[in-house]
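In the two assemblies presented below, subunit A is common to both, partnered first by subunit B and then by subunit C.
Entry: the complex of A and B
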């Protein structure tokens, strides 16, 4: 194996002397060789993304313009998109998905923030409380949802929530069997399952706020609510904005909640989400091309939302 | 070696390792299926899973015996889960081209299998030479797996639906266990009495989710004499007086009598779990649902009996039929196709062997004596042999199915685009079973519009 030595150091500057002109050790090839280890380790990540993320995405886009019948694949232009737009469940699914996203923003976004503020106020047992809040995240989502389905949302009076409502003298609910309650019930379960991570992120952000700001606010006579509005929220603005975007992107991909809690479409299609409709087309209706078209539409909507978000936040910054 | 050289070596090893891993992941499409010794190898799916100990032992025993008798054939068994055709898995295998050489499918899967381009025409190979009982197999079942004059699968099971009922609950409710309800009004009366037992028992239970709601709506509609689609299959035909009657019956039981239990949005496993726990008086199902109740949901055979599907004012005008078969993957050699057919003939279509080895099944927790699979033509030699073996080795009380067998109902198949239509009809079933104020006409009209749109888009 040939051993290459480093160029001799310049006696004046102590830096390596430049190699002679035309040497094969110059140019991009040299850079690549110098960083061979780094590039080699990069290959793994790039291959993983290429094989498991980028290729399926490109393949999905290609499939959305094709149709496979009798083993033969043909180009059909926008036909799959037009067909999907004609699907009777298309608009219902979008309506349900936006409704879930909006509810999740109100409940699933605000609750973890206020839980974090509350935890931040505790002087004792903070660690235990953090574990308690984080525990549901460690539960596999399917298990957590089955708990809700069979234990909490049982429509009889034996169900946990109905038993509580009854004990309080309030009317009970049919939960997942009621088209009106389907989405709120899914948001409650989803928030319980996922808020642990958001709470921890908020807590970290809250603990970075200098204590002097609160002291100054207190000296100025600010109560707890004004301290939250004028100190806490502005100081955690970036984290709040980032989590808002992640929350919207995640909730728009609503799938496992309808699949488990509502056994799919739910009462009168009240749980059909866009992601579930993709699953229906792809795996139950022998329509992988239609599913691909719907997937691309969803991708475009989410990408559009992300672009608008990035533009707005860039202006703010 | 210097440190940088170690790094280079490590990097090269990493790249080589990744390359090897990826190569190892690729499909070996060019594998020869006839090895040097001249043996023909075929892969077959639907091997029972480990939890089904006796069924798995039976399968493995069948493979060993078959290979002993056919020393030139090697069977490689593949298990694809307890439910051999779970639609999402099945679709993924078809789309990914990972189906086995001989693969299991439902009768309703033919269109999907053909669209995937994975199946081959086996018409020239399926005959009495490869399958000795071939001429006794019901021609109507062969027709189900035929398209454009080409045969794509061998039928291995056929069933029709009836009214499955829990004898213990019937007795407790003061009902005659030997005289199940024959009409829907009688079902309603019986359900009222059974649910009056309390303890969360549903007198009659029904599906309304995961496409099973639409599947059963179809069965109930057939019992009324209705049709899901028009004769030419171009339009929905369920928005009819028969379709409305189906919904009215369910609404009356669910909200008029409160005899269908609190929990709705049930699909296959949910209903059978409740049935296995003794919480369901009656439901619509095929004879082998009793097997599922026992083997998967901890029920008891002796608790269950079956009558024909009820009609509205008398006998049902029709019932839903279904079944399963084995397809052959495109590209197999003629030797492989013949080997696959021989295997199916041995394991699925020979009285006294495989699924018809009733003497072996008798001491096992596996029912012998159920009125299925209805594979052979009435009066054929194979049918006579199978019935005789079934009678001799029955380990379930065959009188529990006597009323069902004695009152055959005309069998109708599933509609074209069945799964897509069932998905739409789920909303009709969930609507009537979860909304006390459901407008039946509106439910049917909405579903009709949706199905018509769907059919137009797919035409």
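Entry: the complex of A and C
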């Protein structure tokens, strides 16, 4: 290992300190060697990023304009995109995915926030409640989804949810067998599995709200609901906006829920998602190029959401 | 996560200590504790005991709360028929390798970006962070095509653990987390080490790493749970039955296996992550909140 004894100033400012004149151990040679050391530490991670992240990103776009048949790759222009648009499941998949995203926003986004507000008020059993909420996040999704599929969403009266509904005197449901219930059932399972992280992140944000703000609001005669609207929400709005964005990106990639709960497409195509369609084209219909095109379409849609998000958050500040 | 028994939250502490407020607080707390236990622990109980029921008992209406005649055979069948020992070993092996690769390569990269700051360092960091904006599903096809025929080398990583280990190194979130931690280590320490003639590697090993144990722990735990929970990627790059992970293995058997045996296998597959969580819950929760999205 080369001895690196550059003046400390260069590390602090990032700019090289003026080298003492006439010293052979300084000057351009030193700087090159310092840079080489730095890059030597970087090279492993950079190679992994290059091969498994940056290159596939470019390759995905390139692939979407090519077609590989029997080992021969040709440029086909927009053919892959046209073929994907022609797939009868294409619009259903987008509809389902947006429906899931919207339902998940209502349930999976609002619920954790109010759960966090509630938990933040308790002075007892804090650790226990936190562990409970986060526990499902640690389960392998496949395990948790088999539980929902076989036990909770059993359409007969022996199923857990139907037994509870029946005990409460409510009508039972066919769950995954019914096209109307497929999406809500997937959102319930997905929220149960994932809400723990959001709750913990909100809790951390809630603890940063200065108590004086609540005191001042209370002195002004604001009730609990108005304190939430005028203190809690404005004080956590950056985290709220960020998590909304992250949640949209995550839910748009809906895949394992339809695969396991609905065996892919579900009753009357009610579970097919865009991500599942990518999987179908890429790995069952031997159409990797079409799958790549669908991936690019998904990226464009998500970039659109991000642009709207940046617009909205920029305006607020 | 600060102990905030003294800080003011939505409802004033005084209000909670007095008559009706106090009664309401304890009622609500009891309701929430019972409710949360039922909602979050209940399904797990149902899963563990359901796997002990016989085929007839599971189809019974209304369902029984306790298994009448525990069928331990379901768990034994799951273990033997699905070759769970092999599947668990595979998953453990991939998780251990993922921790090792991420700790070595991501720590080295974050150290370089934070302390050595070579030329173009910031541009490289920017390109790394940009990958956080790309959803995994968008990349799955070109990543798969890359892995089955690596550029320049033209070898396939299918069924090789490197297909899981190396892509996980390209984890911008880890590098960001580590770099932020290294940034908080005073430059004076670095300068002192350099004055003593310590090399960059020596400084990393003897000064930075011993101070960074908490963050290294967080990165390791996240690496293990990521491998354990991942499904689609291992399903694609580990196609043969000998190399499958436990989730993929259970999924592959789910079609032709009795329901209770599948659930028993799911319970066994979930035990390692649940145990890790119960042991390291403090580190996991603090890593998630302080390291993740604050500041």
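In this text, the second predicted complex is superposed on the first by the 281 of 317 C-alpha atoms of A that agree within 3 Å, B and C clash if a C-alpha of one lies under 4 Å from a C-alpha of the other, contacts with A are read in each partner's own complex, and residues count from 1 in each chain.
We take it that a contact is a pair of C-beta atoms (placed from the backbone, for glycine too) under 8 Å apart; a residue touches a chain by one contact, two chains touch by 3 or more.
Since we're looking at a predicted model, the values are computed, not measured.
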| item | value |
| --- | --- |
| Contacts of A:156 with subunit B and subunit C, given as first, second, both or neither | both |
| A:252 touches, of subunit B and subunit C: first, second, both or neither? | second |
| First (subunit B), second (subunit C), both or neither touched by A:269 | first |
| First (subunit B), second (subunit C), both or neither touched by A:285 | first |
| Which of subunit B and subunit C A:69 touches, first, second, both or neither | first |
| Subunit B versus subunit C as contact partner of A:44, first or second or both or neither | both |
| Residue contacts on subunit A - larger count, subunit B or subunit C | C |
| Shared subunit A surface residues [contacts with subunit B and with subunit C] | 1, 3, 36-37, 39, 41, 44, 51, 156, 158, 279, 282-283, 288 |
| Interfacial residue positions of subunit A with respect to subunit B in the complex | 1, 3, 36-37, 39-41, 43-44, 47, 51, 68-72, 83, 86-89, 154-156, 158, 174, 176-179, 262-269, 279-280, 282-288 |
| Contact set on subunit B toward subunit A in their complex | 1-2, 5, 7-8, 10-12, 14-15, 18, 22, 87-88, 91-92, 95, 111-112, 114-118, 200, 209-211, 262-267, 270, 330, 417, 419-420, 423-424, 426-427, 430-431, 434-435, 443, 449-450, 453-454, 456-458 |
| Complex interface listing, subunit C residues touching subunit A | 1-2, 4-5, 7-12, 16, 29, 32-33, 36-37, 39-41, 43-44, 46-47, 50, 58-63, 104-106, 108-109, 111-113, 115-119, 121, 124, 127-128, 131, 133-147, 150-151, 166-167, 169-170, 172, 175, 187, 190-191, 194-195, 197, 199-202, 204, 225, 228-229, 231-232, 236, 246-248, 250-251, 254, 259, 262-263, 266-267, 269-270, 273-274, 276-278, 281, 284-285, 288-290, 292-294 |
| Touch list for subunit A against partner subunit C, complex | 1-6, 8, 11-12, 14, 34-39, 41-42, 44-46, 48-49, 51-57, 59-60, 63, 117-125, 128-136, 138-144, 146-147, 150-152, 156-160, 163, 166-167, 192, 197, 200-201, 203-209, 211-212, 214-215, 218, 224, 227-228, 231-232, 239, 242-243, 249, 252-253, 255-256, 260, 274-275, 278-279, 282-283, 288, 291-292, 295-296, 298-299, 302, 306 |
